[in-house]
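Take a look at this one; I'll ask things after.
Just so it is clear, A, B and C label the chains in written order, and each chain counts residues from 1 on its own.
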Amino acid sequence: MLRYLVLRLAGVIPQLLLISLLAFVIMKSAPGDPVASLVGGREFMTQADYERVARNLGLNEPVVVQYGRWLGNVLQGEWGHSIQDGRKVSTVIAGALANTALLIGVAGVGIVLVSLIAGHLAGTRAQRPVDYIVSAAALVSFATPAFWLGLLLILLFAVVFDWLPSSGLVTLGSPDTLVTRLQHLILPVATIILAHAGPYVRLVRGSVRDVLASDYYRAAVARGLPRRILMWRYELPNALTPFITWCGVSLPLLVGGAFIVEWVFSWPGIGLLFLKAAIAKNYTMLMAAVLVTGAFVIIGNLIADLLVAWLNPKLRRQYGHR
Amino acid sequence: MDIVNVNPADVKPASEMRRLLRAFLRHRLAHAGLLGLLLITVAALVGPTLVHHSAQTSNLDAIYSGPSWSHLLGTDQLGRDLLARLLAGAQVSLSVALAATIVASLLGCLYGLVAGMGPVWLDRVLMQFLDAMLAIPVLLLVIVSQAFGESSLLKVIVVIGLASWMGTARLMRTECGRLMQSEFINAAIMGGASRLSLALRHVLPNAAAPLLVVVTVGIGQAVLIESTLSFLNLGVPSTLPSWGNLLGNGMSSMLSGAWWVVLFPGLMIVVTVLCINLVGDGLRDTVDPKRRTHL
Amino acid sequence: MKKMNPLLNVKQLSVRYATGADEVRAVDEVSFSIRPGEVVGLVGESGSGKSSVAQAILGLLDQHNTTIAGRIEFDGENLFSCDESGWNAVRGRRIGMIFQSPESSFNPVATVGAQMVEALRWHFKLAKVEARQRALAALREVGMPRPEEVMHNYAFELSGGMCQRAALALVMALQPALVLADEPTASLDVLAQAELVQWLALIQKKRGFAMLVISHDLNLVARLADQVLVMHGGRLLEKGATRRVLANPQHPYTEQLLRAVPRLITADMRTHNDHSVKNGVVLP
């Protein structure tokens, strides 16, 4: 297993490199003069001072060296200050990351549950009413933009019925309790699940059908094993591998969708930060958001891959471990 | 001549293509999708001439008026007729999606062909880069790109295209690997075919069917990306009506009780993408009947 | 032979598959019976409906697009009136089944041992340790080398022949009264085939269970079966004692089938004087 981990970690390096390059390019292409902005304008500096400051900032060095220095700073957590309000970017990002992790975490668990249950129902009752309903719903879900569904849910549950809060993490002016926090979670989480579960459901349905049509499943039925065992030891474990693989592969899609949902519901996470930064052209923040998102996705992918490897006996055997 | 040495694409037009077409036409859901797409396309092309209102003329006396006989789908925050704007928006959204998919497909095909037929080291490098690209959310890429500089229709198309070529490239690379093993390619190599002619005459035509599936589904995804970008006001210039732009100030419209401004453009997106996906599913089932995914 | 009540009695069995608008008659009014301890061979080319018969006996046919008519009695009990728990008591425990492809008939994510223990525990309500011991004993019974190790192996780690013997052990461990063997040797290489047939014959003699051997391989059937059924196009064309049918086929199709057996085997087998050879088939 350790060998697999090392091999897989080596594959992460180009991904991290690419994401950091993207972030660096964002930072470098910020309009304006970084030296002049330090003192509020070019006209306040002599030519000599200007050049000295530029040298101190390393701006006259080759781009590769600048990238190296920038990477070093980033790795040490020095991400600079937001050009809008001067707050430390790392602090802002850390708080937002927790909120995003909460949102994506809860929604992710929801998607896993919904797709496993719906996929099981549809797959085991292929071409019956349950299957038609689930499959049709999955098709529609796949075609629905998350932001629009979010707007509809706000319209229905917050505007028309006034049952649930439509924005933010907490309601200003009212006590911050677990209940209100949960209430604020409901609509954004529901939006992500409904707009994203489609392909997951279809995948599980397909794998369940594959398992049910397989020789080993038929052999197990012929052995007289009860439904309980068939489901938990045959259907689920065998359908799980393609499912987890897909979870890893589709993580970028899910994260992208969650960002828009954060925007629609003013959920104070990385996505909201990122989109606000993109619209306000706040490049330091944009860079930081890109870095964090990239790292988030890459780590998620890694976890999915390791899980799949751990679940797969062939890989487990191939990479040692008894 | 040994039959396995014949390029399958040379045999196809006679029997294989007709068989595929017949199988596709038997696919009932694909029928529905095709019909829906046809209706939407016709509506986008001739619809604007049938609607009395202009998509751009505002009418400050009719701000947020609900669906009625004079405005079938109601009006928006400037009193513009929503139906007229939806139909005009269909032209913008569909052509952006189509153009972006063409950009992505060309790029993806080229990339996949180079990786699949070029030297091994280049293949390794290109596939590593592809994998790294796949780890970055597409929305992140397009939003970052749109955050720089002024927005234009051409820029949106190029940006969406540049962010969504990976699926096609991956498929093309896989197909190359599969086809390069086959007998007829070996025969062609023995016959002294150049790399270029191999790629254009043998690999590309034989990968056409699965490519078509990916490209079709890609159009639907491009519609979704464009609408998301435009919704965030980072897409097509806000002076142009696109389905995403119409939803752009949906939040404030909704709070004014103008639900129609939010509902109808979104429905157009859902129905369009649904129809495209149905056709894509139909194509996939036809090309690869063993992996039937549909109902 | 003493006249006994049949263990399995198949009466007028018909199986029809609906494929789109068409309907395929896979099995057409087939009747036969198997007495306790008797080995019956069911031969026919692929697509003759012989596998559908076996699957119908265990109720394995997809109920959604198949219609089954007729009656199957096992030990006096009508199998078609079984509910789920009724089936679970019959399948595996009373009627075992060996499938064609050995590797794919094991769960790819569980070890051979785990699957044996799981079935033993379910059918006999055993403790884990005891189930393990019985599984080991079953593996030894089919002559599995290093059974302890095989318990921890996945199917993909075993050779085809080993896998099929493990499958045999799994079936044996549940002590069924009837074993359905659906093309048990079809996907094995020649050496593994011969070995498996040997073990199958040996264990059948020792345990005395009844067996339905389904195969297109006349030599396999001749080697194992007391009675032979010949199927073609879903219909049962001929049945009778193996020697009689193979030596003196009544139906032209049976004759055709016999003529199709490769001659190479005869030349090789003729040297064995304990076998008589007729029409290319080694007779018992």
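Note that in this section contacts are C-beta pairs under 8 Å (C-beta built on N, C-alpha and C of every residue); 3 or more make two chains touch, one makes a residue touch a chain.
Source: prediction; values computed, not measured.
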item	value
Chain whose average C-alpha position is farthest from chain B's own	C
Inter-chain pair with the most contacting C-beta pairs	A-B
CA centroid of chain A to CA centroid of chain C, Å	52
Approximate Å spacing (C-alpha centroids) for the pair chain A, chain B	23
Multi-chain contact residues (two or more partners), chain A	127
Contact set on chain C toward chain A in their complex	58, 60, 64, 84, 87-93, 96-97, 99-101, 104-110, 115, 118-119, 122-123, 152, 154, 156-157, 167, 170, 174
Chain A partner contacts - residues on chain B that touch it in the complex	128-129, 131-140, 143-144, 146-148, 220, 224, 227-228, 231-234, 247, 250-251, 254-255, 257, 259, 262-263, 265-266, 269-274, 277-278, 291, 293-295
Touching residues on chain A, where the partner in the complex is chain C	126-128, 214-216, 218-227, 229, 233-234, 237-238, 241, 311-314, 317, 322
Interface residues, chain A side, partner chain B - complex	11, 14-15, 17-19, 22, 26, 29, 127, 131-132, 135-136, 139-140, 142-145, 147-149, 151-152, 154-155, 159, 202, 206, 249, 252-253, 255-257, 259-260, 263-264, 274-275, 277-279, 281, 286, 290, 293-294, 297-298, 301
